[in-house]
Structures are given as C-alpha cells and as structure tokens.
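Next come two complexes built around subunit A: one with subunit B, the other with subunit C.
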Partner chain A sequence: MNRAPLAVAGLILLLAASPSRGDDWPMLGGRPDRNLVCAEKGLPVAFEAEKQQKNVKWAVNLGKTTYGTPAVAGGRVFVGTNNEQPRDPALKGDKGVLMCFAEADGKFLWQAVHAKLETGELEDAAFIGLCSTPCIAGDRLYYVSNRAELICCSAQDGKPVWTLDFRKELGVSPHQGSASSPLVVGDLVYVVTGHGSDFKKHKVLNPKAPSFVAVNRSTGKLVWQDSSPGDRIFAGQWGSPSYGVVEGKAQVAFPGGDGWLYAFEPETGKLLWKFNCKAHEKLDKDGFPETPNQLVATPVYAGHRVIIATGIDTDTNGPGCLRAIDARKSGDVTRTAELWKLAGEEFACSISTVAVHEGLVYAVQFPGMFDCIDLETGKRIWQHDMLSTAFGSPLVADGKAYVRNGDGEVLVFQTGREKKLLAKNAGLPGVENGSVVAANGVLFVAGRNKLYALAETK
Partner chain B sequence: MLLASFALLADAGAQEWTRFRGPNGSGVSDSKSVPVTWTEKDFRWRVPIPGESHCQPVVSGDKLFLTSAIEQGKERMLLCLNKADGKELWSKKVAMATYAKHKLNSFASSSPAVDKDRVYAAFVSSEQFLVKAWDHSGKELWTEDLGAFKAQHGHGSSPVVFEDRLVLTNDQDGESFIAALDTKTGKVAWKSARRGGDQMTAYGTPCILERKGAPTQVITSSQTHGLSSLDLKTGAPLWEAKVFDKRAVSSPVLAGDLVIGTCGQGGGGSCLAAVKIGGNGDVTSSNVAYTIRQVVPYVPTPVATADRLFWVTDGGVANCAELATGKVLWSERLVDKTIFYGSPVAIDGKLYIVSQKGDMFVFGASDSFKLLSKNPMGEGSHSTPCVDGDRLYLKTFTHLVCVGGK
Partner chain C sequence: MNRLPIALALSIVLAGSALGGDNWPQWRGPSLNGTSDSTGLPEKWSETENVKWKVKLPSWSGATPAIWGDRIFVTSGSELVEGSKASTTKKMGGDRIPEGKDLLFLCLSKKDGSELWRQKIEGANAHWGKQNMSSPSPITDGKMVWWLTGTGILSGYTVEGKEVWRTDLQKAYVKFGINWGYGASALLYEGMLIVPILHGWDNTGPSYVVALDAATGKEIWKNERKTDAQKEGPDAYTTPMVMKYADRTEIIIVGGDYFTGHDPKTGQEIWRCGGLNLKQDKFYRAVCSPAVVGELVFACIKQGPFVGVKGGGKGLVTESHIAWSNKFGCDVPTPVSDGKHLFVLNDGGFMSCYDPATGKAYYERQRLPGGGTFDASPLLAEGRIYCTNEKGNTVVIAAGPEFKVLSENPLNDQWTLSSIAVSGSQLFIRTSSHLYCIGK
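Let's turn to the complex of A and B:
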C-alpha cells in the first residue's frame, strides 16, 4: 500500500537531484541496472560529418581500434582505445589507452597508457587496445586495463589511487583480452576478472581463480570472490555485471564464460540464483554444446526480470537466444525462472545489451536485425534488417531508439509498437560498430578511430 | 565444320576451371546446364576427402585436383580424382610443420592450379613456403621453397598459371613479395618486393590483365598496396591504388576497364573499391572510379557480369549494383543465421554461393532480387564451387560433392 507514494517520493527526489541540463552517463549502460534508456531530451535525429557538418558539436581522434563505449561524468568524457594514433609521440607501439576529453569542447585532457602483456596474444591480443568502459563515482574512475588490472584513479588527472592485479594477486589468466566494465554501487566495485581457458591447451589451467569479484572502492581490497564457472569456461569472460533491486532486495548478476548467469547478494557474495543460458542447446556426442555462444552481452534488470542474449564475437551468425529470467527465485532456476525466450529460428546470436522501455524490449541480433519485443510475452512486434553485422547496443531516449550497425550507420526509430524509421544516418568517418550513448543533451559515438559529440545546433 | 569444332574446343579449353574462381578468377562460367535445384539424393557423387580443406577443386581433362590437410596441417595433400565418379586416382602427402591460424581457416585453403602438363600447389608453415609441381599422373617434377610464412590467420592465396609462369602472391606479416616461377623448372624468374608487416597478410588470388599496347600484368589485392599491378614479365610494379585500410581477404576481379576489390576485418567488409585500369605509380587520386562502404563483403569475392556487379556479404546479404557507377540496385538478405566464406560464381544468369551451414543458394543475376533455390550440400563449407560443363563440384569441410551431369 505504501509503495506508490514511496515511488513518487523517490521520483521527486530523483528529479530534484538531476541537474536541469540532463544526466551524466557514468558507466556502461548508464545506470547500475544497465538498461540502455535515458531521460535526455532534444537529442539530434540526423547528423553528418562527411560532406557537410550537421549537428557535430566536436570530433576527436582516438587510436585505431575502439571497443569500449564512452562514459561521461563531471564534465569529462572517457573512452578506451589503442595507441595507433599516439597522443604522446614519445609512447610508441601497441598499448592499451584510456583517454579523457573535456565534455564541452573535446579538448584532450589526459590519458592512461598501459603496456601490452608480456604473455602476448594469448592474454592480450594485438591492437585491441583498452576494451573496458570505465565507471565514474565521485572524483574516482574505475576501469580494467588490458593487463587484467582493476584500476582506481583520479577522474581529474588519471593519477592512480590503487590497482588490483587479477593475474598476479588472484591467479587469473585472461583469454585474448580483459574487457569487463566495472560497476560501482555503494562502497563496492563489482567486476568480472576475465579469467579464461588457456588459448593453446583449451582448458582452464587454474579453475580456482575467481571470475567474479567485489572490491572495496576506497582501498582496492577484495571483499568477496567467486570462481563459479570453474573449469567450464569455454574461452574468455568479457561480460560485465549488473545491479538490480528485486522485491526490495538488491542483487548483482554476473555473466559467466560457461553461459550461465549468476546472481549474488551484493554485500556478501552469497549466490542467490543461477541460470543456464545454454540450456536450450543440444549437446554433441562428446557432451559439448552445439554453439560456442556464451554471455558477452550485459544482463539488464527490468523490474523482477533480467534480460540477456547469448552470442559470441565475429565468427558465427548462428542461432542464439534472448531470454527474460524471473529474478525472484533462488538456487538453480534454469527450469523454473524462464519467463520467455526467443531461440532457434527466432533469434540469432547476439553480443548486444537490450534496452527495456514502456513494456518493450529493443534488441540487436548479430547479423543486423533490430527487434522490438513485448516485455510481457516475448512476442516480436516488429523487426528491421540493418543488413550489416551489428555488435553495438541500442539506446532509448526522448521517444526514440538509436542503433548502430557494422557500417557505422546510425538508425533512429520512433519507440513504440509501430515501426517507424525516423532517420538513417550514414556512417561518420572513422566509425564502425559500436553503441550510441547520451549525456547532458549530447549523443556520443565512439568508433574505430574517432569520438564524436553530436548535438542539435540552432 | 572443322573450324567450328576447333572453335568449340578452344572455348572448352578457355572454360576449364583450372584455377581458383575459374577463368582468370572471374567466377563466371559459360555453362548453361548446371542444375538449379537438387536434393542430396540428386548428387552425382559425394566422396570423403581425408582431413579438412576449404580449397576449390580444379579441372583438367577427366581429372579433378584438390588440396587437403590432415593432423593439424602436419601432412598436406594433393589429391587427383576421376571426375566421372570421384574415385581417387592418386594422392601425394607432404610433411610440414603445423602453425597458428584462424580457427575458421584451414591448412589447405589455397587451391591448386593446373595446365595441360602440370598441377601446382602451395603449402606454407612458419618456416616454409613450398611450391610443388607434379605431372597429371602424379610424378613429382619440382619443389621450390620461397621461405618463411608469417601470418596471424594462416594462408589463403592460390597459385596462378599464365603461359610458362606460375605466379604466387606472398603478402604476409614477414618479408613479402610476389614471385613468378618457371612452370617447367620451378626456378624463380623474378621476385618483386612488397610492403608486408604486422597483420598485413593478404589472402586473395591474383588475376592476369591482358590489354593491347600494355604489358601483361599481375593484378593483386592487399592492404598495403591496395589494388595493384605488376609486369608479368619482369615483376616491375606498374601502378597501385591504395584503397584499403583493412585486411584484404577476397580476390581482385577484372571487370571491363575496372578492377574490383574489397577489404574488411572481424565483423565484415568495410570497403568495396573499383579502380580504373592504367596509369603509372600511385594512381589513388586519379583512378578510383568509386568506393562502396555499406553492406560490402570481407571474405567472399564479388562477381561482375557485363554491366552489373554482384556480391554477397559474409553476413548473407546479396547485392546488385551498376558496374560502371557502383549505384546499388538492391540489397536483400539470403538468410540470417549462417555466414558465407565461399565466393559466389555466375552460371547462366544465376549466382551460386554456399553458406557455412552447407546450403547452396541460387539467385538471379538480375535487376530485381529473386531467390531461386536453396540446396543441400551434405555438410558445411567455406569453399567456392568449380564449374565444369553441366557439373558443379564443391569441397565441403571433409567431402567433395558433384552435382549435375548425366
């Protein structure tokens, strides 16, 4: 009975706390629930930067490969990239780089540069750069380096505060790359360590090393750890955790490299539930699942539901599965918590995170289909074929859904049950696959080698 | 009468699918009688091939030649089959070291090349680049080692024969060059240095340009040189259009006065470029007819007909454009839960391409999209079909399949 007034009070509080210019986008997904929806208004629908400049506020060079998405907070924009267009001519060669720019004009402020791992390709593939999307909390910035370190530094100047080296201190061995994007809630930082199977021996050499950790954000000290996927990690673990409050109780969900989703009590690391997102797959005669799909996408909390797709990077366009899981149950909930799924011929593999908005789920399939799905029933309402392989995740803002394909085109749809394409923007130069994020009335698009800030110009 | 027969013979000779992607790498067959629809029961024959390979078989007379590799590439093979029934006539094994490659590549993705006297194949490892020749009865004639081969994803380029020269491209992460070998002796006639380097390996197979008043040329596709030309006689670089900023995996295609090529990376193609033939030195600013950056292929090679260009993206979207202008007429998805690494071939106004799952899609080479059929090949494939008269041969991962014929 008290819930409605409380919610209204919360909303008022939220509105009061928000600056009038809009909100920051301080982490992957913008918020701890990772739901790709934001309250920004007046974002540009059409923009161009090739033949003429239209609604381009500023653009800056990055490296030549950019897998992370930008995070925006405190007047700064942060993005991970590589060192193929060095900001510092004295620092040559392949590196992982985190760059910081002024949100107002794109002025380069500082960068944190990390040497490649001495173990080479197997743990830190060439030219992938720094893949983690940072999380900003107050004046601190948290990210995972290409060297599998969780780093806390000053958001103002990048000065290190503490570092937790997953390899040296926890026995972690990443598979081709460390890519998890940290999540800060309260005093804790949650992150996937990126532990993986040995690239050559095809097995997990140290199954006791943790995959999921919670770290004190002030001290960098480990609060709890969990090695759940153990020896069953197929390859690497590149996913990121999400945080939700379900029936008044907080939980944090970690995507595992075994295709299971694990939810824990945030403060203690006690397992609340786990779900096998590959349960629909047949096993071959040797007991291996039929696809290499796992959880690369980030789980999204929407009320009592968690939504996540299965998939893997570039090498297969095969069938995947999008699921809504009931997050109110406990234990192994694979058989009991599936609310709906789209699988088989219904949904291809996907490494994209979903946006859930007004009873609709916006999802991207790897071959390039953009879907609008009913949140209650899992029924597809409409679909648009972007014709080009898509890695990125959508953004819902101001009654529109933005989505980017592998050719860098940004398609803008009206949200809702009727499909309406408002604009199809040609790829911005230097931009390919990735996501679109918004903060403070501006869209940010980071591509292979450029970062654009897009805003309505009068 | 006699003249007519000669003309027919000459035509049949020109049409023999003696190299990767058939006549001069065009992917275009003049056959009129290859089936459009079939089931597995309709296979003329299907035979197991040892190991795994993604090559395309080549034809000479009544023989088929193909490559394979067993035990993680520790043994490479050249096989000769009777094209009537797929029975093995002879096979040769070459012991080599294994090496790191892309998991979707094979240790025998390079196809053989054949002329009336000899069959040629290239096998690489980190230490060796072996080029070998046998006669059609399997007698080994010569071996030449072009040296170390360094590449992140393995090897793909096939040898090409023109008159008495065997051309090999060797654009790789280490020391790179294009080489022409004497077909009779295997001796290196020339080597032309190339700008290789880290992650600069190219995987395409060259084609040969013959034009009145110009030297015969080798046309290649690579990230560092873009679409480029060398004098076939001397190896001297003639012109290059630096149109690529990504990896070149598909092969260059000659189409009228244009050379077409594509580049890409990871998730797909990023640029299809058409370059006007001719000029000297760096022609990047003068000879680029057009580039297309949306919905273009990374691995599959395009096919040009008289005035149209067709391509299928790795993700399964078929496209048709005006050859002269690059204006896209249509883009239509063939299928969405598989991927395409083999290249399409054009047969009698239709395009044939196999998916990774092993379905041969046939669609019209026409100004409006029409999917004609989807036919099983019995197994997945990353290969390109070989067309021979009324038959089509396709290497699947572990088998060779023959469709059509009487």
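Let's turn to the complex of A and C:
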C-alpha cells in the first residue's frame, strides 16, 4: 500500500534532482497511457553503425530473435530475446531470455533464462524468445515469461520474488506465444494472460480461463480476473493493457483476441465499456469475419479518447481499421462511442501502437505507410510511404517523430501538420522491424540480434 | 537409354509450341521462366471489359492452370457440400474460404470453360495456412497430363482423362514433413517429371529430388538432397528450373538455404551455393523458385538477401560464384526477366528492376498501386509485366528500366494465389472462385 506513494515520491525527487537527465522509459509505451510520446531533448536525428560509427553510444549482442522493446529504468536497460547467442555458454539450446544491461555503457549485468514449454510449438513457438516488454516499478521488475508466467523479480539482480503461472494456476493455454507486457499502477499489475484457441483444434478449449488479470504487485495474488473473450478468441492474445483517467475516473483497457476492446474499473475489474473493433467487417455467409485481424496493438489513452488499430501478427497487407473511441460511455458502446475510423482502403492492418501529440495521431500501417492524422476529425493530414512493411511503433520526442521500417531504416520526421522528413537512417546492422524508444537523452533500438544506444556525441 | 529418342521428340514438340505461344504446359510456361512470346494480349480488363468467359471453379487453389490446344487443366479442392468441410490442419491469418474435402482434377474447354472431364481423390483435401492440398500446378505435353497433389499422389492421364499410372510419393520415398503442407510443382523436362521433396520441419526423413518417367511413372533417379538448415529451414515450396549452357543443361533447385545444380541424367549434384540465409535464421523456408537468366540464377528466401549465382561451378561455390546480391528480398513471387532486366516483385507489392548481369538497380522498391499481398509470380509478355495480387487486381507495368504503371485491372476476389497462364492472345486468371479467360 505505502509503496506507491514512495515510488512516486522517489521519482519526483529524482527528476527534481537531475532535470537535465530526462526520464526513464520503464514500460511498454513509456507510461501507463502507453502514448508513445516523451519529453526527451537533444536526441540524435542521424546515426550510423555500418560503414562508420556515428552517434552510437554503445551496441550489444542479444539472441537472434528479439520481439520485445527495451525498458529503461534505474540505470538499467532490459530486453527480452532468445538464447541463440548465449551469454552463459553452460545454458545451451532454445530458451526465453530477459537480459539486463547497464544504461551507461551497455555492460551485461544479468539475465533471467526460461526453458521452453514442454508443450512445444503449440504454446511456445521455437526460437521466439521472450516477447514481453518488462515493467519496472521501484526496485521490482515485472514481465511475462515464454512459459506464460507473470514474474516479479529484483530489478537489481533478477532474483525472483514471486511467480504466477497462468497455465498451472489459471488454466490458461497460450497460442504459440505469451507476449503481453505488464502494466503497474498503484498496487496492481495488469496483464493479458495470453489465453488462446488450441493451435490444432482451432477452438478455445477452456473458455472460462481468464484473458485479463489484475494481480497484487507485492504478493503475486490474483485480485480480479476476466474471461470476456471466452470461446471467441480467434488465435492468441498478444496485446497489452493501458491505463487512463477519463473525467476523473481511472480505467484500464485490455485488447482482446476476439477483436473487442474492454475497459474495466482498475481496482475491481468491473466492466466499464466494451467495443467491437471488428464491427465494421462484413461477415461471409458462414459467419466468418472479413479479415483475421484482432487487437495486437496496445490501446492508447489520449484525454477521453482511446486509439487502437486492428491487425494480425502474420504478413498481411489486407484492410485494417484505426479508430478513436470515446471512453466516457458505458456498456457495449460499439454503436455509440466511435469518434472516427479509418478503415478498408483507407487504413491497412496494423499491429503498431500510435503516438498522440498536439492534436495529431502518428500511426503505422503494416504495408509501410506512416500516417499523420487529425485527432479531432480522423482526417489524414499527411502520409509517407516507407517502402517496406512495418510493425514497429513510432516515438514522438523533441518535436520529432521516429519510425522504423522492415529494413531497419529509421525515418525521422518533424512533428506537425506539414510533412517534413528530417532524416532517413540506413538500417542498423542486426535489426529490422521494431520500435524506437528514448530515455535520459538516449535512443534505444533493439532488433533481431542487437541492442543499440544512440546519442549525440559532442 | 531408349528414353532418349522419346525425350528428343518431346523437346521438339516443346520447342515448337513455345514459338506458337498457344500452350502453357506447366507453371512457369513454355519457356520455364514466366515469359510468353504471345502477342495481342489485353492490357486492360475488368469484370465487364475484355472478359471472354468466366467459369465458377469448385474451390480456391494456389495452382496455375496448364493449357494445351483446346484443353485447360485445373487442380482444385471440391465444392463445399452442406455440413462437410475440409479438415483444417493448420491455419495462418484466420479462416480461409470454406471448401470441400475431396481433391479434383478438371479438364475444361478453352473455348468456353465448360467441363470436359474430372477426376477425384476422395477425402484428400485439407487447408494448411495459405494453401490447400491442390497447390501443385498440373503439367501437360499435349498427349498426357500429370496431376500432383499436396498429399503426394502423382498420376499421369491421357489428355482425354484416362489414368495411365499413379504413384504415392509419400509411400515410395518419404513421409512429407513440411510445415505448411506440400506445395511445390514438378518440372517436366525431357520426358521426366522432376519432383522436389524438400522438407525437415517434422523430421520425417531426408529431402529428395526424384525423377520419374513421365510416360510410365517409373523412377529414373533419386537423389538425397542434403542440407544443414535447421528447423523450418529445410522446407521448400519451390519448383525446379532448367539452366541451359552451350553444351549441357542443369536442373536448378532452391531450398534448405542452398541453390544446387544437378545433372538431369542422374540427378547428381554438380554444385551448391549458399548465401541465402546470412542470418542463419531457422525459419528460412523457401517459397520463390529459382529464376534462370542465361547462365545466372536468382533466388531469395524470406526477407533476403536476394542472391544471383553464376552457373558452371563445381562443388561448394558460395565463395566464388555469387554474381551479386542485395538486401531486398522477395519471399513469395518468383522473379521474371527479359534477359536485360530482372524484375523482382516482393510479396508486399514492391517492384525492383536490376541489370541481371551486374545487379545495378534501374529502380528499387517501387510500390505497385492498389496495394495488397502478392503470391502469384509475375508474367512478362509483349514488353509488359503482369502482377496479380490476392484480391485479384492485376497491375500491368512496362518491362523497361523505368517504373511505369500501364494499367490496374481489378477482378472481384479475395484470395488469388495463381500465376497467369497465357494461350494465344488470351490470359487465363484463376481467382479463388473463377477461372477467367481475358482477351480483346
């Protein structure tokens, strides 16, 4: 109970003491609203690591597959990867690995290594590594392992504090992978369990198992659970929750593998509203929806709005939908809360999270379009064709929007209603698709087998 | 040895037909490279324009029709009968169009698409991700026609539909263990059907390349094709191609992280070249087939690199025979070339054009209008490239060093996987629901 105020107080003190140092990036999206905007200044616009080194502060090897984004807190950088370039030669074979590095120089500090699930490909696909982006709160670190466990450990040395095994304790069965990134607010940890349909039988075998949970962050005890997607989960559930305060009331939104977005009262798990993000899709004569899209992106709270795109993990260039939902209503708000949408030919499928900044939404479409959209009206202001498929998410910082494409190129735009490309950085070796995050004046780019820290060198 | 005269006779037939442009004997056409020398082909069409006829097909398929004379051969799943569905073994990207549980082999009339005969294998269909068990394209030489299924049943028929022989590749060689189901087409070459069985995902046994006598189905040779690729890496959905030198030919195969060149008489491997999987990714299953341009061959696995290899090597030639490579992969569609320009279509809808000899980019990563995903391999004819996406929209661009879109030609569809076949001055486009005859 008293930890939250302490942590907040600590953070304020820290910020007050070193105003030039900037902020940590302690979770997916940086903050609980998951809006990909930060207050960092002086970030590099141009960098290079292939022919020459330019603005590369440090670079380290990861495994060979890295789906998570880095989280940065307390002088450490954390990132999930696999074990294909083992840090510990004694630990051989395929594993899920969380690595921790020193923020200052990239020195390897510790790793948490998880065996693959005995059920194999069906629940824990080969070599996907550890996909969850950790959340750091104080001296504790929270993440979901490749074994569908929510783990709380010491951020300092990775020593486990408690573990909640979704499979064993809650009857959850992930579909090919567990990937949710926890969210800590107050005393609770919120996370999607990753419950899914059976990979072979194509149905949810245990529809009562929870999809969404809130867990006491100190004890690991379940506070509430919800199984709303039930037997309607198409495949897996790889999304992550976000937290917003709307008209003075807190809510936490969970993206469902059934294509619905669910918002709950954070403390109790009482449903506040739900929205069918596939409502615009036509059903065929057998009742199948037009696309396999669901919610993989993370919802973003921006004032009274929640913004989220529909998409799916596999290579698809099909139609998607980006929506702004009014988060002030209650019940099934599918028909009443849509503020605007871009769908069909207007917006392809996307698993990227948006950045909302000064009345503009920056969004990535899987086929490689980067869009700037008016937050009020949903009108597209400008678009840039990155000429490469993309599933990373943008970052807005210091008046710039950073976005990465499938060739690992990082494009940097000036924010605002006028399109201005400031730089197109060649792909950093070893990274392709993914996001860019920033903390304490440094950009962090993690990809397939490398993690880079990029900063202006004087 | 007495096979040779027959083979020669056959090759004369093939040569003759290639000039006429009337026949499309197998997946990549009479020249085995996705080009056609037909003239008078339509440049613009839609549901209401330049459609000579269209016929409803029983089900969707990744296979390309084969055409000879008045006959069109089509492989397919069966119609969905109320209350019975194809058993879905694996799926990717959600549910596909429901279909029946049998596999069909149809012969249609080129005049109007009417059905001349059909064969059926009951209960053999299933869909695995992007494909069902009808993906291998049919092959014909005008006398016989061959049907290979994703379940490994390979049979030869007279073009009138009488079965001549049938074999079960899984029983004769090895149980297929390929992640998304068998989908390669065989190659008809000098009276032989050359069939790749490149797999590894399920560890059911070694990979093979086998050659069967097309007339009898009897084995001519069988060679194990070794690979050190891991996990999904040995899996390939590629079709063998032919490289012609002044004095000899080789069969080129891509998969398991390597190009290999084989002696067509024995199947023996003459050379192999790596460079396709620099990341040592364990999921580098090969989809696009090798594109042969003179004595160069091009291929790519997944996101690349895209690699061009000089033929004529011996042994492992990775260090010595890579002509050029670049980082932009194409994954699914097989490249096409007029000899001077190499057109590489990426499955995300980006077109690049290179000098095949040097790798110099005339243009790179130009987005085709209309978007969508491209599984079909492009067709090059009359100085144009035809690129069909999953929605059945065909973008026609100029086959030159400048990126120039000539037309966009939509058909009503969601799930087109087949490459275009050409006969005379008509294009044959298979969408998920129909076969279209497109002509002026």
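Rule of thumb we're sticking to: the second predicted complex is superposed on the first by the 439 of 458 C-alpha atoms of A that agree within 3 Å, B and C clash if a C-alpha of one lies under 4 Å from a C-alpha of the other, contacts with A are read in each partner's own complex, and residues count from 1 in each chain.
Here is the rule we go by: a contact is a pair of C-beta atoms (placed from the backbone, for glycine too) under 8 Å apart; a residue touches a chain by one contact, two chains touch by 3 or more.
This is a predicted model, so every value here is computed, not measured.
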| item | value |
| --- | --- |
| Partners on subunit A (subunit B, subunit C) - clash or fit | clash |
| Which superposed partner A:E409 touches (first subunit B, second subunit C, both, neither) | first |
| Subunit B versus subunit C as contact partner of A:A126, first or second or both or neither | both |
| Touched partner set for A:G368, first subunit B, second subunit C, both or neither | both |
| Subunit B versus subunit C as contact partner of A:T291, first or second or both or neither | second |
| Partner chain in contact with A:E432 - subunit B first, subunit C second, else both or neither | both |
| Touching partner for A:I312 - first (subunit B), second (subunit C), both, neither | second |
| Which of subunit B and subunit C A:V333 touches, first, second, both or neither | neither |
| First, second, both or neither for A:V354, with subunit B first and subunit C second | neither |
| First (subunit B), second (subunit C), both or neither touched by A:F391 | first |
| Shared subunit A surface residues [contacts with subunit B and with subunit C] | 126-127, 314-318, 348, 367-368, 385, 387-389, 406-407, 427, 432 |
| Residues of subunit C touching subunit A in the complex | 88, 91-95, 97-98, 231, 279-283, 303, 327-328, 347-350, 365, 367, 371-373, 390 |
| Interface residues, subunit A side, partner subunit B - complex | 126-127, 313-319, 345, 348, 365, 367-369, 385, 387-389, 391, 406-407, 409, 426-427, 432-433 |
| Subunit A residues within the subunit C interface of the complex | 64, 126-127, 202, 234-235, 284, 286, 288-289, 291-293, 312, 314-318, 348, 367-368, 385, 387-389, 406-407, 427, 432, 448-449 |
| In the complex, subunit B residues that touch subunit A | 103-104, 152, 198-199, 266-268, 270, 293-295, 313-317, 331, 333, 336-339, 356 |
